[in-house]
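In the two assemblies presented below, chain A is common to both, partnered first by chain B and then by chain C.
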Partner chain A sequence: MLDDTVFWVLSALAVGSGIMVFRFDSMARATYALLLSLLCVGGLLILLGLDYLGVVIVLMMTIEMAIMGVFMVMYMMNPAGLVPMSMLHNKKGAAALCTGVFLLMALGIVLAPWPPRAGTAEEDPTRALGESLMGPQMLTMMTLGFALFSTIVATVLLATHRGRYDRLGDDLRARRADDPVPGGVGR
Partner chain B sequence: MNLELFLLVAAALFGVGLFGALTQQSVVMLMMGLELMLGGVILAAAAVWHHLAPASADGQVLVVVAITVMAVEMAIGFAVVTALFRAREVDMTDQAGDLSA
Partner chain C sequence: MPEAAPLWAALVLPAALCLGAVAAAGFDAVVGGGAGRSGSGVLGTASAPLREGLRLLAQQRRTTPSADVALGRVGLGLVPVAAVLAAAVVPWGFVSVTDPAVGIVWFNAMEVLAWAAVWLAGWGPNSVLSLIGGYRFLAQGLAYELPHMFALTTAGLGAESLRVSDVVGAQQGLWFAVWMPAAFAVYLLSAAAMSYWGPFGYPLGGDAAGGAVAEYSGVDRLLLLGGRWLLLVATAAFSVPLFLGGGQGPLLPGWAWTLLKTAAVLAVLIAARRMLPVLRADRYMEFAWMVLVPLTLLQALFVAVVVLNR
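Let's turn to the complex of A and B:
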């Protein structure tokens, strides 16, 4: 009974605040609406018995949305929503497409002959996950590690304003660094 | 509270996120749509693990993969916005359509 109530409240909040993300004028409010939606997803995961992954999502999303708020203020033309404006394109087409996609998925969900539950969960799903990642799923874990590492390299590369190749030439052999403002040791 | 209900909620999150990703002009808002879609994927994976195959941890591994994709998407997205903004002071998708046919 309690689980049912929690499920309905979290689901309604997740979908409702998900919709509000794209209805708020203020970008800050949109960020917090997205945070609420993803926190509810984390809560639903905890409800499903995945305590560890649920808490990971809650912690990760909180930090992520805080960072996103900073980027919003940096880049958006109307971060506080003081000037009401529409920032949408092709609203009708997208709404029709998304409704279609949802209905198609709902149809599949309702009509699919889901198999019965196979086996029972281990006493400690977190331990099972850890042993799986360090055992049979080691390749997945290593792939994720490489993906994250290449993300670090790629983000630094993309976000760097002027790297050493801009300053010292493609072969890094320029006698003087090509800086817009001269200064520093030996320049 | 069965599998279908969880999957329907996940599908709704996915649909709302898709709407945002398709309509938003700001790149940052577009990324918020992608995050919502991935939230739906995470919820669906967790529900399938719990209701169909709780004995093996593979469903949980799928959730871990989706969370990683979320983090990577966020980091690369912000890096691309930063590079785009540096190059031409633009944060709108309509002004970054160089690759559209």
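Let's turn to the complex of A and C:
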């Protein structure tokens, strides 16, 4: 009973704030509506017994949304972020597409022939989920993680305005880094 | 050893945390030299923060044109709420309000909520200086958060569990602070930093006319400034089960040891505030990324090797 109530409240909040992301005309509000939606999803995962995943979603999504908010305000061309603006482009097409995808997925949930539970639930569902998701594909996952991380480092290296050669000279031998603003480690 | 707390503990927790915050703020006022002024004894100085808090409760709220009131108030309210939620996993002796299997991650998640809340509070009033304060904490918080997270992880690694009571149990005989000194030191640094307090007070700095709190008065100001003290007390209290053996100690009962150790950590943090100037943010951030992150990673590696060979 309590679980049902929590489930419906969190689900309604998650979907409602998800819709509000597109209704708000302020980037800050849209970002934090999305955060609220994701926090509710984290709560739903905790409800499923996946404590670690739920709390990690709360942790990571808070960090991510807080940073994303800055970029949203920056890129959306309304410097104060308070000027009304629309998040929607191609309104009718987008609405039709979203409704279609939502119905398709919801129908999948309702119509799929779910198998009856065999045996009892694992003592630690997080571990069981991790092993069934990644167990046989650990090598793939490790390679993928390494590739993603190298991509991030490479992108930052390419995008950075001032690398170590700008700071320490072509042979990296300068005793003091040539920085526009002095201060920091070793200076 | 861990016990489940009775349900009323959930109601006592916010009051106890507020009491701790008032005591810490009073101690800070006394250490700050306010007692030397004529006409006010030590008691008068120690109660100054409490009186200031009551005064703010009665003060009128300041409003600014085209403010985002809703977001600002969500941010203001979230700071103390997140501090109380974080404190829910801190054991008092050997009893905590809740002891989930992922207590350490929960504590960190609540700290991060408070971090995002400061930006919201800075965004709310539609004012340049408070927005600067919010943006400052957003950028600096990333440099604080990473070493902080690694320090928390190291304690969990040493106990091979993210449950706070397991971490306390793993410190029978030897405190984590003894064989993970780097993680403990980084935790203390980032505890002050994540509460944007003392040497890390940039987001509310005087150079930005109060930063995130610049436009707030009355109860709004009380929520943000009081919430900051709550955060500081909660993070100081959490260092006890993580690194200082929790309620373990001779003669005295567990709750007394928790209280004593928390008071000692708070005293160290407050004394450090009075001795250190506000650190230059760019210098500290480079230090955090270039020194603290590798240092905490090495510490975690060391602990991992020890645990594997146990």
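The rule we apply is simple: the second predicted complex is superposed on the first by the 130 of 187 C-alpha atoms of A that agree within 3 Å, B and C clash if a C-alpha of one lies under 4 Å from a C-alpha of the other, contacts with A are read in each partner's own complex, and residues count from 1 in each chain.
Assume a contact is a pair of C-beta atoms (placed from the backbone, for glycine too) under 8 Å apart; a residue touches a chain by one contact, two chains touch by 3 or more.
Everything quoted here is computed from the prediction, not taken from an experiment.
Enquirer: Quick check on the superposed pair: does A:R29 touch chain B, chain C, both, or neither? Answer first, second, both or neither.
Expert: A:R29: touches chain C, not chain B.
Enquirer: Looking only at contacts as defined up top, I'd like to know whether chain B or chain C touches more of chain A.
Expert: Touching more of chain A: B.
Enquirer: Give one of first, second, both or neither to describe whether A:L172 is in contact with chain B, with chain C, with both, or with none.
Expert: In the superposition, A:L172 touches no partner, neither chain B nor chain C.
Enquirer: Taking the superposition as given, does A:I63 touch the first partner, chain B, the second, chain C, both, or neither?
Expert: Touch partner of A:I63: chain C, not chain B.
Enquirer: Using the superposition on chain A described above, determine whether A:L111 touches chain B (first), chain C (second), both, or neither.
Expert: neither
Enquirer: Touching A:A14, do we find chain B (first), chain C (second), both, or neither?
Expert: A:A14: touches chain B, not chain C.
Enquirer: Based on the superposed arrangement, let me know which partner A:L129 touches: chain B (first), chain C (second), both, or neither?
Expert: A:L129 contacts chain B only, not chain C.
Enquirer: A:Q137 in the overlay: touching chain B, chain C, both, or neither? Say first, second, both or neither.
Expert: A:Q137 contacts chain B only, not chain C.
Enquirer: Going by the contact rule set out at the top, does A:V55 touch chain B (first), chain C (second), both, or neither?
Expert: In the superposition, A:V55 touches chain C alone.
Enquirer: Could you list which residues of chain A make contact with chain B in one structure and with chain C in the other?
Expert: 56, 67
Enquirer: Taking the complex as given, what residues does chain C use to touch chain A?
Expert: 66, 68, 70-71, 74, 100-102, 105-106, 108-109, 112-113, 115-116, 119-120, 123, 126, 135, 138, 142, 145, 162, 280, 282-283, 286-287, 290-291
Enquirer: If we count contacts the way the header does, which residues on chain A are in touch with chain B in the complex?
Expert: 3-4, 7, 11, 14-15, 18-19, 21-22, 27, 30-31, 34, 37-38, 41, 44-45, 48-50, 53, 56-57, 60, 64, 67-68, 71-72, 75-77, 87-91, 93-95, 97-99, 101-102, 105-106, 109-110, 114-115, 117-122, 125, 128-129, 131-133, 137, 140, 144, 147-148, 151-152, 154-159, 161
Enquirer: In their shared complex, at which residues does chain A touch chain C?
Expert: For this pair, the touching residues of chain A are 26, 28-29, 32, 35, 51-52, 55-56, 58-59, 62-63, 65-67, 69-70, 80-82, 181, 183-185.
Enquirer: Touching residues of chain B toward chain A in the complex: what are they?
Expert: 1, 3-9, 11-20, 22-29, 31-33, 35-36, 39, 42-43, 46-47, 49-58, 60-61, 63-65, 67-68, 70-72, 74-76, 78-83, 85-86, 91, 94
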